[in-house]
Amino acid sequence: MQSTPPGLFRASWLVARKDLAIEFRTRTAFFSTLVFALLGLTIFFFAWDPTTVAAIDLAPGVLWAIFAFSGLLGLQRSFGVEQADRAMDALLAAPLDREAVYLGKAVANLLFVGGVQLVTIPALALFYNVPLAGIALPLAGVALLAAIGLVAVGTLFSSMAVNTRLAELLLPMLSLPFFLPIVVSASMTTARLLAGRPAAEAWPWLRILLAFDLVFGVACTLLFPFTVEE
Amino acid sequence: MPQQPAGPVAASPDDPVVEAEALARQFGARRAVDGVSFVLRAGECLALFGPNGAGKTTLLRLLAGLLAPSSGHCRVAGLGIRDGKLARAHVGLVSHASMLYGALSARENVEFAAKLYGMPDPAGAARDALRSMRVLDRAEAPVRSLSRGLQQRVSIARAIVHSPHVLLCDEPYTGLDELGSAALTEALAERRDSGAALLLVTHNLGEGLALATQAAIMRRGSFVRHENRSGVDAGTYAMEYRELVTLDA
Amino acid sequence: MTTSGSSSARVTTASAPSQGVDWLLVSGFLAVAAFYVRAIFYTPIEAVQGPAQKILYVHATSAFVALYLAFGLLGIASALYLWLKDEKLDLVAESAAEVGLVFTSVVLVTGPLWGKPIWGAWWTWDARLTLTLFLWFLIVGYLVLRGAVEDRGMRARYSAVLGLLSIVLVPFIHLSVYLFRTMHPMPIVLKPSSPSMSPEMQWTFFPAFGAMALLFVGLLRARYRLGLLRDAVAATERER
């Protein structure tokens, strides 16, 4: 029988779909992450004095801080699936590019994080009573850019952290410094959007976010093979 | 770049399917595999014996392209195993771990592998592989719910789903009951007779020698014995093997 | 400390360095001590900031060493390791990170000491101080990762990937926190038109960088040799 190994994009999609199938089958990780994010929203709300700080000033920072922390929860599980019965070996022994493993995992993580955002952002609008509907489209764009950056770095670190002695502890420790530019830019952009400022004011921040996605998207894709090649 | 089809490999049946040349791998200062050379042609089976820590698993990982050799090289179907992904398309791997996803069903696991290897009919290939390992009736059960032995059979089905020209097996009989062992021996013999080269790592001399055309004993990273199966008498081989192994103890 | 006079009794492996006085390290310490004597006793007190300004001789020079020498070397050694797979490069990266942690800590301690009298607060989220704080986090993360991986080859690969990415991250953090706000005194030294430092101050400041760099190289070499010895010991223990 003739068979041709799949190309980079087809192989990435196969890996992503497999991860999503596993996630859909178990669903526990997604729902726990979601509940964690919603809990975060409420805790943050009660950690501030509403008579001195307006919810609208608080909302952008809360949203993106929680995004970073809940993202970590989702990323944690990404390579755990491969490690349990050393399924990673089967992926690496198969005729697909190492980059395809990374990209597939990243796409699955992106959909995971995006799914959490899809619930968290409306929940923020509801709980904090901020008018997000008016800026829904640009906010979705910021959310996508932030998610791409978070997943690009987080997927790579998840593949490393899972093989260390401190797995759960190490991932946040390695990732959070890298999330700083994402959280700052996304929060600042959101704050300006919410305040109805002209787009030009948010542009310097958006530029950082775009550059981050581009640079780390490429760098992490190229570096991933080094983490699995022995 | 011309795509090499993963179909028929050896131009003539005498062309080697697996060639290991002075293969060596060091971990820090420790030489896990230290200069291993051998050739397997189509339809040959090398049974590899050796005590724990002899370097058998490392050798298998080198042959599967999972590890980079410190020196020497390995070619599969004429392609360097570390030169690109295409050489890996000819190899099937069975290891201690099942390499399966517990949340997915047996069929999904094997079908996923078939797709990774670019099989034209992944569903059909998966069904055939599961049938040959006699687990087709449990195909829809999540792998997590299967017994260790059944998982091992699914794992073997996953490894042979793309009809590899080289099948590397690390202790494949572990955890199998009689029915499973029989199915495995049958599947391995079928792969061998259809022109695949097998490498079988095992502790069990009887099972290893049953299928073998070559036999080798590995100790401290090297082959200390390597001969044709025809020249081996199972009884004396077992005695000599025990002597060699106790040298380490 | 002993000099390597009667070396016949000493056991040394081929790769491990011989013991004795580490002259490079000693001269590094002496150079730093010398420039500090000069800074305290032979350099005028700055008119506006007063004696607190003298902290800058250590603060700025340590920051220079931490960011450009230690962190730069960590990134270069990491990249080269991924390319050449030479264990020595991994050891260079490890040494650069550990020594870099010392200098980064010095920056983080002296910054607030200077900031309290000048800015009126121990800590400010000033751009460069924040960047240093993140360098510190990155280096600590790097060293924790090294400690958490058993296999040597894997440790080298993982930490090289992290080291390289950390270097790529630095401009992003710099840009983010700079955009956020800056209160730090602008670099005034490298303004050729009107030097704001008196000539005596400059004559203290510029050699101070050299002295700090010398100390860095001395510490780096000492740490690198320690790593070689540790590996040699580990190798002999495994042989047994």
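A, B and C label the chains in the order they appear, each numbered from 1.
Just so it is clear, contacts are C-beta pairs under 8 Å (C-beta built on N, C-alpha and C of every residue); 3 or more make two chains touch, one makes a residue touch a chain.
Predicted model, so just to flag it, every value in this text is computed and none were measured.
K.L.:
By label order, what chains touch subunit A and subunit B together?
P.N.:
C
K.L.:
Name the most central chain, where centre means the mean of Cα atoms.
P.N.:
So the chain nearest the centre of the shown protein is A.
K.L.:
Sort the other chains by how far their Cα centres are from that of subunit A and give me the top one.
P.N.:
B
K.L.:
Select, from all pairs of chains, the pair with the highest number of C-beta pairs in contact.
P.N.:
A-B
K.L.:
Based only on mean CA positions, could you tell me how far subunit A sits from subunit B in angstrom?
P.N.:
Computed value for the inter-centroid distance: 38 Å.
K.L.:
From the mean C-alpha coordinate of subunit B to that of subunit C, what's the distance rounded to whole Å?
P.N.:
Between these chains, centre-to-centre, one finds 50 Å.
K.L.:
Centroid from C-alpha atoms only, then distance subunit A to subunit C, rounded to Å. What do you get?
P.N.:
About 33 Å, centre to centre.
K.L.:
Give the residues of subunit C that touch two or more other chains, as numbers and ranges in rising order.
P.N.:
153
K.L.:
Give the residues of subunit A that touch two or more other chains, as numbers and ranges in rising order.
P.N.:
As it turns out, subunit A has residues touching two or more other chains at 229-230.
K.L.:
List the residues on subunit B that touch subunit C in their complex, please.
P.N.:
Contact set of subunit B toward subunit C: 27-30.
K.L.:
Spell out the residues on subunit C that touch subunit B in their complex, using ranges where they run on.
P.N.:
It comes out as residues 151-153, 234-235, 238-239.
K.L.:
If you look only at subunit B, which of its residues touch subunit A in the complex?
P.N.:
Result: residues 3, 5-7, 61, 64-68, 85-89, 91, 93, 95, 97-104, 108, 112-113, 115-120, 125, 142, 158, 162-163 of subunit B touch subunit A.
K.L.:
Tell me, which parts of subunit A touch subunit B in their complex?
P.N.:
1-6, 11, 14, 18, 21-22, 25-26, 81, 84-87, 89-97, 229-230
K.L.:
What part of subunit C is in contact with subunit A in the complex they form?
P.N.:
Residue positions touching the partner: 82, 134, 137-138, 140-141, 144-145, 148-150, 153-154, 157-158, 160-162, 164-166, 168-169, 172-173, 175-177, 179-180.
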